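This is the structure, below, for whatever I ask next.
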Amino acid sequence: MIVLGANQYGKAEVRVVRVNRPDGGPHTLRDLSVSVALSGALEATHLTGDNAAVLTTDAQKNTVFAFAAEHGVGEIEDFGILLARHFVSSQAAISVARIRIEEYAWEPIAGTGHSFARSGGEVRTAAVTVDGTRTWVVSGLRDLVVLNSAGSEFWGFARDRYTTLTETTDRILATAVDARWRHSELMEWAAAYRAAREALLAAFGQTHSYSLQQTLFAMGKRVLEELPTVAEIRLSLPNKHHFEVDMSSFGVESEGTVFYAADRPYGLIEGSVLRDDAPPAPSDVAW
Amino acid sequence: MIVLGANQYGKAEVRVVRVNRPDGGPHTLRDLSVSVALSGALEATHLTGDNAAVLTTDAQKNTVFAFAAEHGVGEIEDFGILLARHFVSSQAAISVARIRIEEYAWEPIAGTGHSFARSGGEVRTAAVTVDGTRTWVVSGLRDLVVLNSAGSEFWGFARDRYTTLTETTDRILATAVDARWRHSELMEWAAAYRAAREALLAAFGQTHSYSLQQTLFAMGKRVLEELPTVAEIRLSLPNKHHFEVDMSSFGVESEGTVFYAADRPYGLIEGSVLRDDAPPAPSDVAW
Amino acid sequence: MIVLGANQYGKAEVRVVRVNRPDGGPHTLRDLSVSVALSGALEATHLTGDNAAVLTTDAQKNTVFAFAAEHGVGEIEDFGILLARHFVSSQAAISVARIRIEEYAWEPIAGTGHSFARSGGEVRTAAVTVDGTRTWVVSGLRDLVVLNSAGSEFWGFARDRYTTLTETTDRILATAVDARWRHSELMEWAAAYRAAREALLAAFGQTHSYSLQQTLFAMGKRVLEELPTVAEIRLSLPNKHHFEVDMSSFGVESEGTVFYAADRPYGLIEGSVLRDDAPPAPSDVAW
Amino acid sequence: MIVLGANQYGKAEVRVVRVNRPDGGPHTLRDLSVSVALSGALEATHLTGDNAAVLTTDAQKNTVFAFAAEHGVGEIEDFGILLARHFVSSQAAISVARIRIEEYAWEPIAGTGHSFARSGGEVRTAAVTVDGTRTWVVSGLRDLVVLNSAGSEFWGFARDRYTTLTETTDRILATAVDARWRHSELMEWAAAYRAAREALLAAFGQTHSYSLQQTLFAMGKRVLEELPTVAEIRLSLPNKHHFEVDMSSFGVESEGTVFYAADRPYGLIEGSVLRDDAPPAPSDVAW
């Protein structure tokens, strides 16, 4: 028999900007993209088009705006928890809510108290899953682009018929960090985010690297060392190849100074680093 | 203790074009983006930077090109199986290979036998997982953009404080279909792809829709009905909202003819349709 | 003294879908992105913030929707002329209106009369300029991706110290056509578009090419030959390099069959083809 | 007769990273995308496919890499001048060279002397035109995203049948600055860039705005005031609409704190600010 399997629905990419305008003081703002995904007793709408259990995605969008007004937007993890618990507790049919939030950073332009410029390339992320009784929080970032111009080697690798790569003891290592770390308990999110970001940057810079895999593990390990309540971190690191340009045919020497930044193809290194005694999370928790 | 968890690595987005130039006959071509991901006994490179078990991603790229030359590129599922089995069988350290392929369609320009124009917006996909003894094949497509200008209603939905959406018995329903179907056995891929694509289009058009969820289930069910050896299909359908423009304030009537195509936010409906007697696949099979 | 120079303003990328629902007959639809840019006596808003002459971009958007309802959307050139003339004739301060329209193609899905799938990759374009008494119309297309797998050579080029490219009498030639042609009189736009598109494809395929420049000129010339009332055509042709893969180091021969489709850098060939007796257009006409 | 009109060709988007590795000191790097466009006596390749006058775009790419190695990459304006003059002076057929460069910013990660993170969202640009005897330099930036959460009004605008916008004395004003300024003489580019960027930010923040046009003029004027040798500046400012969310239907008040960041359509304000006594530049100078 043909049956309905796992499913979820919701409003994606609600772009909300929350401005705080304290009397007399400088303004602050939070700039988010919020995505809601709800699961539960939703067979009817799939099988017959009976929508009695369907909270409209339009209402979900309105809820995001309303909560931003009434509760403010603090740390995105807290805002995600607030939203996820609301949907699960207020909708009988909904048993699991997954909220994903991206935050775009702004910094004040000196002088006015109400002028801002978008800062940084990276995006801060949160993914919250609430199933009624339990809450899982995954914090993260993406598009943190980093490069080491020394301290990276790659040699001693396996060889087959198709292996032509030259071994090197001095290459550029560059990547766009996508990292997500799962917390085993609720905490002070802003401080944790700063600490994790710093740990990622420090481990990337300080690891003398023999492979991007080694750098990945070092970065993940450092975050877990710095943040005792993080259970697991997942990293996805594209190897943004910078090939040294061979100019010998026209008599020019690069001497390790001129590189071509390639687009595709690229290596893609993905891995998880975790505590062996950390309580596992269900496989359908949002990351 | 901090340990390494699940991990994989490989070359992503190898853009290969294979031209067939038969004597005297018209040329044909296949245009692919191939991504390789390998898993196995890769602790050493992560923990110590010892790369003895690491087949370079550069060699993986070379293999894609070499196999395209030596074996040709037939259906992408077959090409994926060929590559996946090669990596698992030839590399002692590699226990699982996952190959993802996207194919871009071209059609001949009349007249020359060697001129082509890119056709269609959608992309055909395949994801192959080989673990040494077993092979899983998932076929699919993405970016098949479809629209119904009649036959879609949405009413009778749940209501909470934040529900303001008006019920409608006549709306535009549009989506960009992302569909992936898992085969329970190897088969004639090209015919299966055509049949699945047709089933998706037919079910989308012919379903009088009370919700996009209902349309999703109908589309998935139709594919399973048409293809008895498909075990499961997963669909991700963004609701590409087309809002009828309210022009009453300046005295113009739309009468169901003028719509604003919105970008964000959008509803996102995701679901799986499967046979209840189908053998399940491991959770780490590539989709 | 510091003064205001050339300026224009307007609403960009109004996404409007116009559905025609004839009684009993199959539906049809037009899917557009309309951008309005107005120029004129607009010093005040720039210098003092006095907006008395500023028709809001919101009203411009409303006008696009209203005209789509009241006049329908026929060919995009006609719709552009209608809009441009409206703004110039109804707003005393506005002396020049430039309307740019992109059209996305759909084709019916067989069976229902109200189901459609997005077709083709290319986008049809129009740019209309009206200055009160005169009207210029530029038709065009972009993202028409084409490839010749034979009939392309490149040799006999200039050589300097940095020239290392190998001469070839057999290469793949591929590009994404961006073409814009200026009409010297109003005409039947749909037929003209089909004729121009066919001429571009035919000339691309049929020209035995010694350089992409030669192909560009042949494509432009063909359009002018087929359409006697086109005064000038401008083409921008990125050379989408397909490099034959050298696999000799691992003992595989490509023999002209395996190519790597590169992203960046790319050659970019731009040129205009015109009638030497065509009346020139002002330099600020929209293309 | 059908003839060849204006034309140019070259290699676009050469992605070059130049690393400086001083003995014992910290590394520095410049990360560029360089596009070359050459014009001149190029009729033959267009009309007959005779390529004797065509310096290959591949050689142009090699030149970019070679010059980065031999001369280093200083300020992008200087690097552009060096390249443009080289092509015009060394190739008899080439009479005009246009070089466009984008620069992506990086900042050091503390600790290692060889680790960097991409910084900022904006891109610095230069466009250099050399015609043999004369040199024009246009500096600029794009994607500098800024927002004022106070100090912006919009009222007193023209009204027609389609005008429904509500007047406001308090709105969010946000844009992504694209600015290009033409120098009337060569100068110290790095300092000029910093001064122009600061002037743009200061004028954006400090202008109490009654229209984005007014802000545009103020920004351009400020740059010209701060940089006496800038002849003209051109600004393109998309109005990144932030609409206050009306939540009255579910009893929530935004009170100027909750905004929806819209994607499309958007207002687009474009204008030039110049000195009335500045020597004009030819219309085909690169911007």
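For clarity, chains are labelled A, B, C and D in written order, and residue numbers in each chain start from 1.
Going forward, a residue touches a chain if its C-beta (ideal position, glycine included) is under 8 Å from a C-beta of that chain, and two chains touch if they have at least 3 such contacts.
Note that the coordinates shown come from a computational prediction; the quantities given were computed from them, not determined experimentally.
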Legend entry - Interface residue overlap between copies chain A and chain D, same or different (over half shared): same
Inset, instruction - Report which of C-D and B-C is connected by more C-beta pairs in contact. - result: C-D
Inset, instruction - Express in whole angstrom the distance between the two chain centres, defined as the mean CA positions of chain B and chain D. - result: 38
Inset, instruction - Compute the distance, rounded to whole Å, between the mean C-alpha positions of chain B and chain C. - result: 30
Inset, instruction - Could you please state the distance in Å, as a whole number, between where the Cα atoms of chain C are centred and where those of chain D are centred? - result: 23
Legend entry - Junction residues of chain D - those touching two or more other chains: 15, 62, 66, 162, 164, 250, 263-264
Inset, instruction - Mind listing the chain B positions that touch chain A in their complex? - result: 1-15, 33, 35, 37, 42, 45-63, 66, 90-91, 93, 154-160, 162-165, 209-211, 213-214, 216-217, 220-221, 224-225, 232, 234, 238-239, 264-277, 283
Inset, instruction - Write out the stretch or stretches of chain B touching chain C in their complex. - result: 15-21, 27, 29, 31, 62, 65-66, 68-70, 106, 109, 111-121, 144-151, 172, 201-202, 204-206, 242, 245, 247, 250, 252-263
Legend entry - Touching residues on chain D, where the partner in the complex is chain B: 161-162, 164, 249-251, 263-264
